[in-house]
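Both complexes shown next keep chain A, but they swap its partner, so chain B is in the first and chain C is in the second.
Now for the complex of A and B:
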């Protein structure tokens, strides 16, 4: 009971303090561009609860999910191949470094010309931007596979697909999850940016529309909604990670206790 | 008649195996020229001073390394990769079990990979875990177990695989003395019950004499065979009784002397080389 109380306290202490400061600072405010907490909460409800959710938020979420799924498939697939094959690594590494240095948003104008302004463009941007942390982490994870484990698998005749399935993929999983976590936050950034460029729906589009029409509290409420989406995604990710990497957490805990 | 022929032929023959590593452009000769044979059903220990190329030799036999020259024959066929009839137990139990699989799956997965039918798999895994006394821990993860129990899982995995020959690379070097004695008896028991051939690498002289029917002593690197000694102790072995037998002490003495000789030989050679320069 005492522990629950202290966890609650440490989790909510800073947010509460910040909101109180915000409240105090905006009580007698004059700037029309900074909202006060109460009206923001009210606006939030008015703007996002109702049809706006299905019309603006759901399309964004679908694009994000599709882009992330694509990035995970491409990133892990390519990462396993590059991490496993020395030839492929030597061949691709310089090229990969070059493309990785390219910020994904600059691809938006190019992709607009190539595949239009539809969902395909936005999803492609997310896939390309989110793929890198997953790809590079997977490569590292594959390369760090324990040598004794590798020899064990070889001695029991694990080759080809079964080698990936039973050894390489699970061994690289902790690093892959690190990559996916990084990809999540990049994904949110890219979905918003791609919608700001050319779109008729989506959160990014809606926020820009509010800003251009001087609906300032509405604009702020969109930003808050983005933060909430990010938080929910992070929580979902933590849940998935807890299941997928149960063995890894347990092993680490045992090692720390022993050493 | 054909049956008798195959039984008499050696199961494993190591023929003039030589292994030279190249590290940083320098060639290091780990194994110079090794030749020996193992008969079907034999329990042999390879003993040698630490760093004498035992592990290198074992990996050549297991098909994990390719010898620079010479060859390894298993059941009349040259070994060019890990053979189906062989299982290996490594020293580093903590790194040779899959940490993402439970005990049961760890033992099962090589059989799954070999496409053994499910019912058969279940029987083999249950028998193997029973043989090592781990039937109660099938749902645990390896890292939840003690070192000795982890090595038992590795042994269970090896025997469930139904190998004709079991290679063990200093399997008990990292467990405590009491566990070690238990595991030694376990390996003896498994060997006698299943009638498999065991090649056991160790640097522990007592262990080699206690376990084996035959002790092959290696020289320091570059490795050659120093001596091949038959252990004429009774088959029934007991940690206390066997180890206090006069014959055990004699054999132990003999092995110890040979290892010392191997070390002295290496030292003398080094002094000679140093004197030349």
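Now for the complex of A and C:
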């Protein structure tokens, strides 16, 4: 009981202190830039609860989901092939290095030229930008496949698809999840700035409109909403990772206990 | 076994170090194999350019929007000869370096302060974990309002995005200190500062460099983002200008230039890391996994 109380204290003490400071600091000031907590919560409800959510937030989330799904499929597919074949790896290594080093946002102007400013552009930007961490981590994961497992699978005659399904994919999974985690944060950046760049709907667009029309409290509520989305996605990812890699955790625990 | 699934950053760091090691200190490969890698690598690059050239020349994609690489290369050379390109590049690099310096100083100082005190560590964890996943691009409108197109806008984004990365690496680095080493240092009568300098600092250094390497990439992405979206002067603004002026070839040439910049930064950071950590076992390469 005492331990629970102490954990609660250490978890909530600093956030509570910060919020109190925020309250105190904004009590009698009238600076337009700094929002006041009560009115921020009120504005947040007025702006984002209701039709704005389905009109502005949902399209952004759909773009993000579609882009990430594409990046995961392409990244893992290519990564398995490149990691598995040495020739392919040698052939593509410099090209992959270049594309990994290319800062993803510069793709937006190029893709705007190639495929316009529609949803296709935004989703393509996310796919291309998020693909590299997944791809490169998959390659590393495939290459690090335990050699005893490889030999065992060979002895038991695992070939073709079943070899990928039961040996290589699971072996690379921990690394793939690391790649997906990195891709997630790149995806959020890309969806927001591609909407700021060229869009007529979406969260990034809406926030820029608030900022340009000097609706400061509304703009702040948009920033808060983005923060919440970032947090929720991070939590969701942690959950998915826990399920996908449950076997791996267990294995590590056994190994650690043994060692 | 490369273990990277855990939320533990220490584990991730170790894996990251191992990856670096894997990339830079390969076990001696035969000369033939090395030649094969170089030849195939060049073939891959040339192949990509040939496909691009063919797509552009055969009109699969409208040549107005996809100029062939030969033209882009010509434009790239012209850019290299122009003063405005170098000015823009210098501005981007200045933003990048300023951001990294601020993040490193802040991350190292706070990392030591928080990391060395179990009390502070315990009481700040929830706040750090809460603030960390907030996407830095959420701050773009705020940056525009407060700083406009000045360099501070870009710095705000860079510092917010990289600071958590750096801080967390430092916290793990400080925690990674071998307690026997600390006790030994104490026995030999090293003072508080000497222990920090000779025991804690060397243990945290690999983590610091991992944080720096990750931050270097993120900082470049956000510097370019701030230039593209906000209009902070630099390479990104040159790209938007070219795009607005319908100078398509220039857009491609500058995009390639940012890619090359990213590549140079990656190579540079890896070189710095293996140089500074030449004494460290992960780089010495004795313990090949």
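Convention: the second predicted complex is superposed on the first by the 248 of 259 C-alpha atoms of A that agree within 3 Å, B and C clash if a C-alpha of one lies under 4 Å from a C-alpha of the other, contacts with A are read in each partner's own complex, and residues count from 1 in each chain.
Assume contacts are C-beta pairs under 8 Å (C-beta built on N, C-alpha and C of every residue); 3 or more make two chains touch, one makes a residue touch a chain.
Just so you know, these numbers come straight off a predicted model, no measurement behind them.
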{"item": "Simultaneous placement of chain C and chain B on chain A, clash or fit", "value": "fit"}
{"item": "Touching partner for A:162 - first (chain B), second (chain C), both, neither", "value": "first"}
{"item": "Chain B versus chain C as contact partner of A:250, first or second or both or neither", "value": "first"}
{"item": "Chain B versus chain C as contact partner of A:170, first or second or both or neither", "value": "first"}
{"item": "Touched partner set for A:11, first chain B, second chain C, both or neither", "value": "second"}
{"item": "Contacts of A:61 with chain B and chain C, given as first, second, both or neither", "value": "neither"}
{"item": "Touching partner for A:149 - first (chain B), second (chain C), both, neither", "value": "first"}
{"item": "Chain B versus chain C as contact partner of A:34, first or second or both or neither", "value": "neither"}
{"item": "Winner by number of chain A residues touched, once chain B and chain C are compared", "value": "C"}
{"item": "Chain B versus chain C as contact partner of A:117, first or second or both or neither", "value": "neither"}
{"item": "Least Cα gap, in Å, left between chain B and chain C after the two complexes are fitted on chain A", "value": "7"}
{"item": "Overlap of chain C and chain B interfaces on chain A (superposed complexes)", "value": "146, 173, 248, 255"}
{"item": "Sites on chain B touched by chain A in the complex", "value": "59, 62-64, 82, 84, 86-88, 90, 92, 95-101, 109-110, 113-114, 141, 143-144, 161"}
{"item": "Chain C residues touching chain A - in the complex, by the definition given at the top", "value": "1-7, 12, 15, 19, 22, 36-37, 40-45, 47-48, 61, 65-66, 122-127, 130, 133-142, 144-146, 220-221, 224-225, 228-229, 236, 239-240, 243, 248, 251-252, 254-255, 258-260, 262-263, 265-266"}
{"item": "Residues of chain A that touch chain B when the two form their complex", "value": "146-149, 151-152, 154-158, 162, 166-167, 170-171, 173, 247-248, 250-251, 254-255"}
{"item": "Chain C-touching residues of chain A, taken from the complex the two chains share", "value": "10-15, 18, 33, 87, 90-95, 97-110, 112-114, 140-141, 144, 146, 173-175, 177-178, 185, 188-189, 192-193, 196-197, 204, 207-208, 210-211, 216, 219-220, 222-223, 226-227, 229-231, 233-234, 238, 241, 245, 248-249, 252, 255"}
